[in-house]
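Should a chain be cited, it is by its letter among A, B, C and D, assigned in written order, with residues numbered from 1 in that chain.
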Amino acid sequence: MRIFEQLESEVRGYVRSFPVMFDTAKGSLLYDEQGNEYIDFFAGAGTLNYGHNNPIISKALLKYIERDGIMHGLDKATVAKRTFLQKFYDTILSPRNLEYKVQFTGPTGTNAVETALKLARMIKRRSNVIAFTNGYHGLTMGSLAVTGNTFYRDESYGIRNNSAFMPFDGYFGPDVDTIEYFRRFLEDASSGVDLPAAVILETVQAEGGINVASNEWLQQLERLCREFDILLIIDDIQVGNGRTGTFFSFERAGITPDMVTLSKSIGGGLPLALLLMRPELDQWQPGEHTGTFRGNNLAFVAAAESLAYWDNDDLAEAVKYKGEIMETELNSIAEKYPELNAKVRGVGMIWGLELPRNGFSSEVSKKAFENGVVIELAGAEDQVVKFLPSLTIDEKMLRQGLAIIDQSIGDLLAHKREMRTGDTQGSTQGGAQDNETLVRFKSA
Amino acid sequence: MRIFEQLESEVRGYVRSFPVMFDTAKGSLLYDEQGNEYIDFFAGAGTLNYGHNNPIISKALLKYIERDGIMHGLDKATVAKRTFLQKFYDTILSPRNLEYKVQFTGPTGTNAVETALKLARMIKRRSNVIAFTNGYHGLTMGSLAVTGNTFYRDESYGIRNNSAFMPFDGYFGPDVDTIEYFRRFLEDASSGVDLPAAVILETVQAEGGINVASNEWLQQLERLCREFDILLIIDDIQVGNGRTGTFFSFERAGITPDMVTLSKSIGGGLPLALLLMRPELDQWQPGEHTGTFRGNNLAFVAAAESLAYWDNDDLAEAVKYKGEIMETELNSIAEKYPELNAKVRGVGMIWGLELPRNGFSSEVSKKAFENGVVIELAGAEDQVVKFLPSLTIDEKMLRQGLAIIDQSIGDLLAHKREMRTGDTQGSTQGGAQDNETLVRFKSA
Amino acid sequence: MRIFEQLESEVRGYVRSFPVMFDTAKGSLLYDEQGNEYIDFFAGAGTLNYGHNNPIISKALLKYIERDGIMHGLDKATVAKRTFLQKFYDTILSPRNLEYKVQFTGPTGTNAVETALKLARMIKRRSNVIAFTNGYHGLTMGSLAVTGNTFYRDESYGIRNNSAFMPFDGYFGPDVDTIEYFRRFLEDASSGVDLPAAVILETVQAEGGINVASNEWLQQLERLCREFDILLIIDDIQVGNGRTGTFFSFERAGITPDMVTLSKSIGGGLPLALLLMRPELDQWQPGEHTGTFRGNNLAFVAAAESLAYWDNDDLAEAVKYKGEIMETELNSIAEKYPELNAKVRGVGMIWGLELPRNGFSSEVSKKAFENGVVIELAGAEDQVVKFLPSLTIDEKMLRQGLAIIDQSIGDLLAHKREMRTGDTQGSTQGGAQDNETLVRFKSA
Amino acid sequence: MRIFEQLESEVRGYVRSFPVMFDTAKGSLLYDEQGNEYIDFFAGAGTLNYGHNNPIISKALLKYIERDGIMHGLDKATVAKRTFLQKFYDTILSPRNLEYKVQFTGPTGTNAVETALKLARMIKRRSNVIAFTNGYHGLTMGSLAVTGNTFYRDESYGIRNNSAFMPFDGYFGPDVDTIEYFRRFLEDASSGVDLPAAVILETVQAEGGINVASNEWLQQLERLCREFDILLIIDDIQVGNGRTGTFFSFERAGITPDMVTLSKSIGGGLPLALLLMRPELDQWQPGEHTGTFRGNNLAFVAAAESLAYWDNDDLAEAVKYKGEIMETELNSIAEKYPELNAKVRGVGMIWGLELPRNGFSSEVSKKAFENGVVIELAGAEDQVVKFLPSLTIDEKMLRQGLAIIDQSIGDLLAHKREMRTGDTQGSTQGGAQDNETLVRFKSA
């Protein structure tokens, strides 16, 4: 690892949480250089909904490279891009009666968000944009302005690009209707919140702590936007692509956003980002927003292949089925360890286990990794363990991963009890035993 | 092409200039679906310094995918990333005695620029940044603030993030020392230009019209920065990676920037972006700037392979040799058609042919494409034909491409003369002849 | 009036509401050129708490001018300024155990606000400031950023200087604790509201519609500020100087702001503005915030005289007594005309009669003016009739003014009823009668 | 002075330079409490063009107050305001064929500037404004954005409101045409300087160091503004009102600005500020920019009286005559003390003596004050002694004041020479002698 410590910036993050040298990967399994195996409950922060190195995708990539399919095409027309566009239209847009136009932005989520915000402002001739508490939309200056977390901000960055924050669904507890709060600010011309060009939100806040907006709240928000002539932008970068059980996360609420940002899993694991927009919003001049890697043709190939998962309902049903397993098991964990005061939140195959106990979620992630599961945290204080397996994980591995988390929590709590009673020796033995129990998940 | 027109946003650009369906590519040749062949003098806007689908790179990618090398790794440690870092250190940094730390940003140039600006502001606790006339650094809000071209801006985007523009080398003609202009503003505490955290510039402005900063100017700028405690950021996204004859474009001036942004060709054709920074500037907290596709491992594989071109001086010498051919031929074109008042500017293998005649450069690009060469324009008014072939192009193909441009210009001028004299028939015949002459560049 | 229409900007306002040529004034009476008399319930928007051309003040001004007391002194030390400072210390600060330092800003309220915001940001090294819904703090760019009313804003003004708006006391109805709302945003590092340098508010929002913050709310806000290390700025420009019954409006709540802005009545009717700050906040460098008319010595003379009203409790008691008359009479009006759905709000001698009926408040103001009372409106929709007589008005005139308003409302409602029943003739007669009844308020 | 030190903010400035207690004033003489007399070469920073307590003005004020003329009128129509408007039209606008409309802003210069900038942006729908190096337009946030001096800025204030700075006339020396520089930035759509709504400038930069724009430069700037559809705003706050020899400072160049800001001397010594604008620019809605003290009626009275100075050419001729005396005497001082490397700049009755020697200008001001002259400094480094006597000063007193400065410089230089030769005793005696020589300027 020395070269990383010597050469890579201090900004590096996950390499600290999971300090091994990964080498290969397949489906929901990661392998380090020594051949140790890890179940991946992180899925590339939502990029690997179809698993690591999905064989269908890999096969298509191999074929494409072998025949010298153009790899880098800027925004020129290519066969690979055409195939993707047609597949996206046929499989995703057309069956859902969605008449969006597609813009390929630089292949990062933040670029899709920046593009949406620029376009919304340009169309409405208003600079203000409303975001929501705990929202996360990226870290370039335009996106950062609508990202809630102070950790990413610095006074020296200068002013936020015009934005204001409204409370997300449930922000003041279950009994407060936060749409009414928002409405009050909009109706009052003297509220200090200028009529925005757009609102931007995730239907399930992932980085923000797995906060699920209810269908009713989303519907009310859509009505509010229509009433005040505000564009509704759904950032579906992390929770789109089937994560919540439908291709778009907003389908469950029956709403139709004016714009949708997609990235992460849309590229089948390779860098790709899209902005969808209602056709009448497509008021760009040619070349007005551009970027070198809009034409990442390997990603078009991977993306077109991955969309085949949406040719029928199998994946959607699998997500429903496995999501229920996750919900059941997590609730069972919460009940089993009442001292955690754990809260379980989620939908589809994105679930959070909030552990208010200070720092305990980090210990769980660390322990789970020792035991062979890669799992990350979310929330402003990293207080939420975030369950984000590939949608294609098989049931057995999903249950194994959940069992490891369960056991990791149990061991940590037992160790804490022992620490308090002074019997530290037993704990160490327990740890050894754990590793034995879990050895089947590791190859060597 | 219908699906593009129907589904893709109006923002699409190059597809309009080169309206064919590209399929495969190899080296400096592009092929459309019908098998027509095009010489690429655009090189993916600087992304393909090592050519399309470079066989060494393709071979490594195939091998990596076949053995299920991890494709998407966030910023976890992977074998592919380690290999790249080690290769970058051994081949690029160490031989040049450059002690930079490396930050992997989202794999777009604009993300590297945003990262540099955030870090510079944070370190210096100053929000102002100085950019230069005709500078281009990207289109997300932070980068857009330091991009000169009004075309990309809109009042509704709100205020520029603190930035001010100074004249680039030669902006007021050859006799005005623009560093002295800049110095005057810095020395005068009442000039209205706040002491900046950083200056950011390209040593050769590519999009800005192939404006080459002289070595002396760059050296003076570096001294000015040192004197006033300003960070010097070189944006080497388009003209780094050997484009000017050395790996970094600033090597010719013997300066050492505080930060360097790299993207485009650093990924060997796949999306990758880096920020290099002096070690003492690496003041990030873990995770303070992040992004999903920092861990595009296919790009690490491609990048590591492409760096092998820098194991010896062969490529640098080839660039020098072929650059001289370009310079000679372009000067010859300028002399041959004095009515163009053409200006030739460039260094290494990036050259511009400025054609002040209104709209003529567009006609040249169009005609050249008909004749089998992909070539793009630069400058605020698209008045510069931009010669940007792959560094690995073979001499013969380079000369052929240049000959086609020459002939295209000749034909266009002849046609114009004919139009003025009313003899339009001859022109059409001339056009036909052209196509015949050039038929060897097309496969069918 | 022709010269006004010909020469003065369309921005002129009150001249439209009260379209007569005023000439002289004394106490609570205004006289137009024809000698008509008007009871002033507007008091120069809070500038004339001690009445028009208060004889004590006028006498002192005459004496000062006659002896050639220096009129314009920039911020040089003058006898008049010293007298004011000493009087302010002895009469206002010292008896209240307030250890503020005094900064003379440009003699407008907005300048005092701008100064407070600059200082707060400078001290805390944070650019964000929190203001409240319906707050009004002035229209220069810094103050405008914390002023709620959209009417005063334009997209072209560019971005707000970093500010965010929180709900004022009662904004979501009587049952919602808006301090808890605010606290939630502060406690959550991911709320999108950066920790502010300061909060700024009026304890009674005057322009915002006579919204009175409760003592408990103000105390909670003070505690919140202390807890999060936020400076508390009370803008006492309109409701300080005894308007609410104590010299500072915040005395009723027992809180001690970090900074206080004063203007309007502090100058005894002449332009003057002050910023008070806790001594440890006085971190200005000499001359760092400056302005030509800080040394308006006539205002110092007037101000020192007017402070004599605070040598004893007489004025405070009179405000209490007359404030109760206002409250009683306004409640009586509200009860008398239930069809108005009127709401009565206020404290001390600032009271609002909210008339939700669309545009009716404007009719009341117009009718009252015809009947000899100058009264203005407040609230985002001008829906509140704002009662702001001089504190020194005598009881009889106060009651007369209130009676005229009562009668004006009655006449308007009667007229509306007649309009609906078609009997318009009676209305005209009623109007004539009104004028007769009220003739005693007009001299000719 | 104790109360000032105890109670007044550290921001206080002139009280430090002139640490006596001023009491009365008349014409160009100031008197302190002990009856000491000072010649005023500062004129209230340009507020007292008609002298302190001008007898004509004082007489009118006394009469107005005695008859209870309304003192505070917001923007209601008053007889005093009408008289001023009529007088301003008849005496100033009409004879110059200027068809401006008049807006009364809050009575500070900075408020007039803020108003101009808001209006310009609103009309042109562009947020950018161009200011000039060393420009000074006030310290509220909008004006501060176009004020050059870093001393007044702080990072925490957040971003400048959209502004960019261009070099003033002569900024790069006499041979560089700075209008051509500006033009280059405007013509180049890729310069990074957005087309501005307006340019704002002083024709003679006062605080900036007495920098006089040439007539040709001003004419070129006007043409540039017309060509690019940019509004031309002349800030005539300090150098209008006859300071340069004509009522408006721009008359000498024969240009017609789109807007003009006036303050300082326009109020005859009392707080008043105006914005003049071409009638078609008067696009305000009623009340859209407002402020309490727009109706400072004492200032209207004083202003109307002072405009009588413009009924004939006497004052203009006197300014010409006395201005030539100033120029002659200052050049004579510069020649007499060649070791100063002094530069003399000015026009009309505003002159600067630039003394590059570090800190020497401060010593001159201090010494002059000891010798009975109040004179201040200008320029980013306070390197310019600024001669700004009242326009109505009599010739003898003007010459006396200049002689005192001359002698003060001479004494300081002599003292320095003595210090270098070790003979410090003589210097002290010299100082005593000085005071004797100058005793005639002090009453006691």
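Heads up, the rule we're going with is that a contact is a pair of C-beta atoms (placed from the backbone, for glycine too) under 8 Å apart; a residue touches a chain by one contact, two chains touch by 3 or more.
Worth saying up front: this structure is predicted, and the values here are computed from it rather than measured.
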Completion exercise
Counting C-beta pairs in contact for B-C and for C-D, the higher total belongs to C-D
Practice task
Fit chain A to chain D on CA atoms, both being copies of the same sequence, and give the resulting rotation angle in degrees, nearest 5.
Solution key: 180
Handout entry: Centroid comparison with chain A (C-alpha atoms), farthest chain
Key = D
Completion exercise
Between the Cα centroids of chain B and chain C the separation in whole angstrom comes to 60
Fill in the blank from the handout: dist(centroid_CA(chain C), centroid_CA(chain D)) in Å evaluates to 32
Exercise for the section: For chain C, write out the residues touching at least two other chains, lowest number first. Expected result: 125-127, 151, 155-156, 158-159, 161-162
Completion exercise
The residues of chain A that touch chain D in their complex are 155-156, 158-159
Problem - Residue ranges of chain C in contact with chain D within the complex - result: 1, 3-4, 7-16, 18-26, 30, 33, 42, 44-48, 52-53, 58, 61-62, 65-79, 81-82, 85-86, 88-89, 101-104, 106-111, 114, 118, 121-122, 124-127, 138-143, 145, 151-152, 154-159, 161-162, 197, 263-264, 269-271, 275, 277, 282-293, 295-296, 298
Fill in the blank from the handout: Per the touch rule above, chain D residues touching chain B in the complex are 125-127, 131-135, 146-151, 153, 155, 159-165, 167, 171-172, 180-181, 184-185, 188-195, 208-209, 379-381
